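The same subunit A turns up in both complexes below, where it pairs with subunit B and then with subunit C.
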Partner chain A sequence: MKATGVHALMDLVARHRVVAVLAFLLVFPLLMPYEALAVNILIFGLYAVGFNLLFGYTGMLSFGHAAFLGVGSYLTGMSIVHAHLHWLLAIAVGVAAAALVGLLIGHLAIRTRGIYFSMVTLALGQIVYFAFYKAESWTGGENGLRGVTVAPFEVLGLRVDLTNPIAKYYFILGFVALALGLVSRILASPFGAVIEAIRENEKRALACGYDVARSKILVFVLSATICGLAGSLRALHLSVVPIDSLHYLQSGQAVMMCLLGGMGTFFGPFVGAAIFLYLEDVVTSLTRHWMAVVGAIFILFILFFPRGVWGSLMARWQRSATREPSSPAVEQSGPA
Partner chain B sequence: MGELTPQLLALQLVTGVALGAIYALLAVGLSLIFGMLTVVNFAHGAFFMVGAFLGIYFQTLTGSFLLSLVITPAVVGAVGMLAERFLVRPLYGRGIDYPLLLTFGLSYILIESMRVVFGIEGLPSATPAALRGSVDLGIGRFPLYRLALIGATAVVVLGLWLLIEKTRFGLIIRAGSRDPEIVRVLGVDVAKVWLLVFGLGTAIAGLSGVLAAPTRAVNPEMGITVLAESFVVTVVGGMGSLMGAVVAGLLVGVVFSMTSLLAPEFAELSIFVLMAIVLLVRPQGLFGKAGLMA
Partner chain C sequence: MNGRAASDILIEARQVSQRFGAFQALSDISVQFRAKQLCAIIGPNGAGKSTFFNILSGSISPSAGSVWFKGQDITGLAQHEYARHGIAKSFQITNVFKQLSAHENVRVAAQMRHARFDFFNPRARLSAVASQADALLERVGLAHLRNRSAGDLAHGQQRALEVAMALAAEPQLLLMDEPTAGMSPEETVVMMGLITQLAAERTVILVEHKMKLVMGICQTLIVLHHGQLLAQGSPDEIRANAEVRRVYLGQG
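Showing the complex of A and B:
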């Protein structure tokens, strides 16, 4: 009977995934050693969610997503530093710019498939990196963009001061909630079914009459937009924009987070971001060789837990759910 | 900036071809591994970096650049074979993305291990004494080392071509990259061939690291940019073609060095823009077969 209770709960979580994730994220800062880490996890969780839409759900492994995170960050930062725009407008500029860059890169990259797609997105992302690196008078070049500060403001009658980490966390969570709602809606739509069909068998999706090229561009732009939002929020969080946020190693971080948590799952990217950043926090306080540790953990996950932490948990729940007496047919079908 | 004399242009051309020779070697190694194993080696830049470090190490140990040129690729190739045997091999048949991701993780470990062994500052690199200075070719004086680098690359590429086109092992490689199933049915131990090809590809990456070391800063991060650049070469040339890798490597090297002369601000960008143009006009690359890539 206890197992049935767990399954009922899991069922409820699965049906109301956005509410469940938000309920968790509401109390999440209490679980973290300090708030800045929670904010970081929130932002990178969103970044990984955006990436997961392309990698986990559509099966396209991009190594250029740092471009969208970085463009979101830089354009929001530059709107505030150079143009003194309102913060909300600055976020809009950053997100729109990321979507536009996503359209340009996506247009070129989807001409290739599989492994070439990974190589081409990596190389196209480096164009953005070098362009921002060289445009020193606008972007600060190697030193990054400094001075992205927002004075305390009022929103819906509440005073928000971004120098207060808790206020910052819940301010950012508001945007994350909107983005998660959007992603959940996309996945539940017929379009969501089409991108998963492309992942499973691109030729068959094409034969079924779906416009595969257009769906790919659209999901690429949506994914870039969400990563751009993560970037915008990160600029407000850090109040600087480091040039490294455009480098392909930053794209690699999205891949790592997605895989550690569980690609193609709704909550996996957040779990992956939390594991990655929490480990980084712990390990860098013990040793300088964080890169070797994360590399080794990543390799172990690929070899032994390719579903990731959250993905493995979900698979286990689903397996035990199929052993319930209510579904004897599945049991008889034997091992797959 | 000084005046653009024909001598200056010729000098920059040689510099570009020398740089392109390194790119060509890197792309040949990548292409060889991909053609046979359908694995994109994301640790290729890291193997290049390890080659540069070990090259300097063995050069100081043995006192001979030539010896280092032989020992280093052998050691790097052995590391590559270990990686294939114990890390990449369990992933065959599990989807094309996993080996790629695994080698990405491996590159982190290689970078950090060089930091541990040789320090984060990197090593000072020097041109071997016998290859210092310049020679007069009638149209101007050119640095001897760059010319030697171009010559060495030509020898390696020629050797590889003979290996692939004229030997029984090369026949197996060519057949295996078309249809490993049939090769296996014919009684060839394909797993052993995969191991050797991965070793050969990484050994070439190591060799290009030794050759490149005197021409650039040797530090643990030097392979990170090189990886992106060798992807550019591979996409421009078309995957799976030795000829494509060599021509695209030289082209990318010359484009880079010419833009560094004429418009230094755009040097790094130029090669990526070249790739974007090739993608627009000829998505399969200059020498690639249509349909392989898209």
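Showing the complex of A and C:
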């Protein structure tokens, strides 16, 4: 095989994966029982993609990512409720705050590795939870923040009314599309290669001359920023910010979504989020014991799809493409 | 010292000592390594070879003393800085990026000199890096395995891959910790041949406990024993050294 041929092909896949996912997401609400579920999947898909940047690509398992989702939600919500900011500015405030909290938490947490890293992120995430819980006059405490409403507005001559679920879906899709494009570029960049190298072997990445600590902080902040955007959009979607946004169960959901879909793949987290939320929607209408059912389903998926649903599909596709019995190597920009 | 030009010295340890708690792993080692030489650090198990290797390669910084590279004090620099100064290493235990292809392993290593914090441009556009990786795979005899996962390669092939990765940084100094550890006799011969070739263009420092292996190909030998510098010199001088014969050769 010619090297240039492979690179051209991979380049093509790398460019088209975003187009492919967007084409699918454009018709997605038609496939769902109702639009709010589609919006939820969009938002949590983005959240899981942001989380996967750290977990699947860099190999760092954070249990504190609810902090970024929640901070994004709260700061956007508070900007609208208390400061009456323009919605776009409110989103910017939420995302910037999540990035800043990511910088602080990342700076402390990356000094540790493995389970200690997970525990430190969990603990710092809980600190953020209690800080927002206690700041009742600003955040509404355990009742959450209410009244995050945006009056109908015009974008590029189009009137957007966020109380219309379909309009809301496409409004949010615009932001998700931008974020996915950005993540895709990052993963295909030289920096994307460095974080994968760090996941594979930190010692060797250091010996190669890469500043592992700095790379880890950067990817942590990027991941927090993406999750913060998901949180911001969620505040606009729900019109309230529930205190649960910051709860560690929310952090755990990111892990489950990534594992269900396939960690370290581009679409995997999105697929995982879709499966998780769709099942939740179906099962909660049948029984109150949703968590017991999801536990069983999760175990089944881990047993039969250890690489996640999307990851297993990708592996099968690559095997048949290369006709190699061994596990396929990750080439250039990685699998879609 | 015997009046060598200072510019000829590539890396130098000055009165390096290392303590681990109460254990004195190295005491007061001063050694100079000249440019474009193949040099081996030898000694029985526990002599302090690996500790000395780790200090030269920047994995640990010494309790006392300093390391100088091209006339510059590099003691205590971060490990990735060593690589950027032109010091590369291969580990005693193979360290490759197992899930990545052989080509991507070398490509990432070669990319360091071109783009470290580039978030936005497709890495596929760095075609010079990709072709350098291919050339290096060719050189260590792995070109036919370029798309295979590094973790699927045989042990000897992984070690060769590691050498290609170390070379990708175009180092002036290549440090190798027991490069033939765990290799078959055939693989050992190939590796020693490769090392000899590499030393023609740059300084190579090996840590080795199989003395016979390095006697024939090294210009200089450093003998450590109980954390002290026992002797240094050409293979002939080392062979003739009564002290070395007593502690080392005597044991077989």
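One rule holds for everything that comes next: the second predicted complex is superposed on the first by the 306 of 336 C-alpha atoms of A that agree within 3 Å, B and C clash if a C-alpha of one lies under 4 Å from a C-alpha of the other, contacts with A are read in each partner's own complex, and residues count from 1 in each chain.
Just so it is clear, contacts are C-beta pairs under 8 Å (C-beta built on N, C-alpha and C of every residue); 3 or more make two chains touch, one makes a residue touch a chain.
These numbers come from a predicted model, not from an experiment.
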First (subunit B), second (subunit C), both or neither touched by A:Phe298: first
Which of subunit B and subunit C A:Leu206 touches, first, second, both or neither: second
First (subunit B), second (subunit C), both or neither touched by A:Leu31: neither
Which of subunit B and subunit C A:Leu61 touches, first, second, both or neither: first
Contacts of A:Arg185 with subunit B and subunit C, given as first, second, both or neither: second
Interfacial residue positions of subunit A with respect to subunit B in the complex: 61, 108, 111-116, 118-120, 122-124, 126-127, 130-131, 133-134, 248-249, 252, 255-256, 259, 289, 291-292, 294-296, 298-299, 302-303, 306
Contacting residues of subunit A [partner subunit C, same complex]: 1, 3-4, 6-7, 10-11, 14, 185-186, 188-194, 196-197, 200-201, 203-212, 214-215, 218, 322, 326-333
Partner subunit A, residues of subunit B touching it in the complex: 34, 38, 40, 87, 90-91, 94, 96-98, 100-102, 104-109, 111-113, 115-116, 224, 228, 231-232, 234-235, 239, 265-266, 268-269, 272-273, 275-276, 279-280, 283, 293-294
Subunit C to subunit A touching residues, read off their complex: 57, 78-84, 88-89, 91, 95-104, 107-109, 111-124, 126-127, 130-131, 134, 147-152, 165-166, 168-169
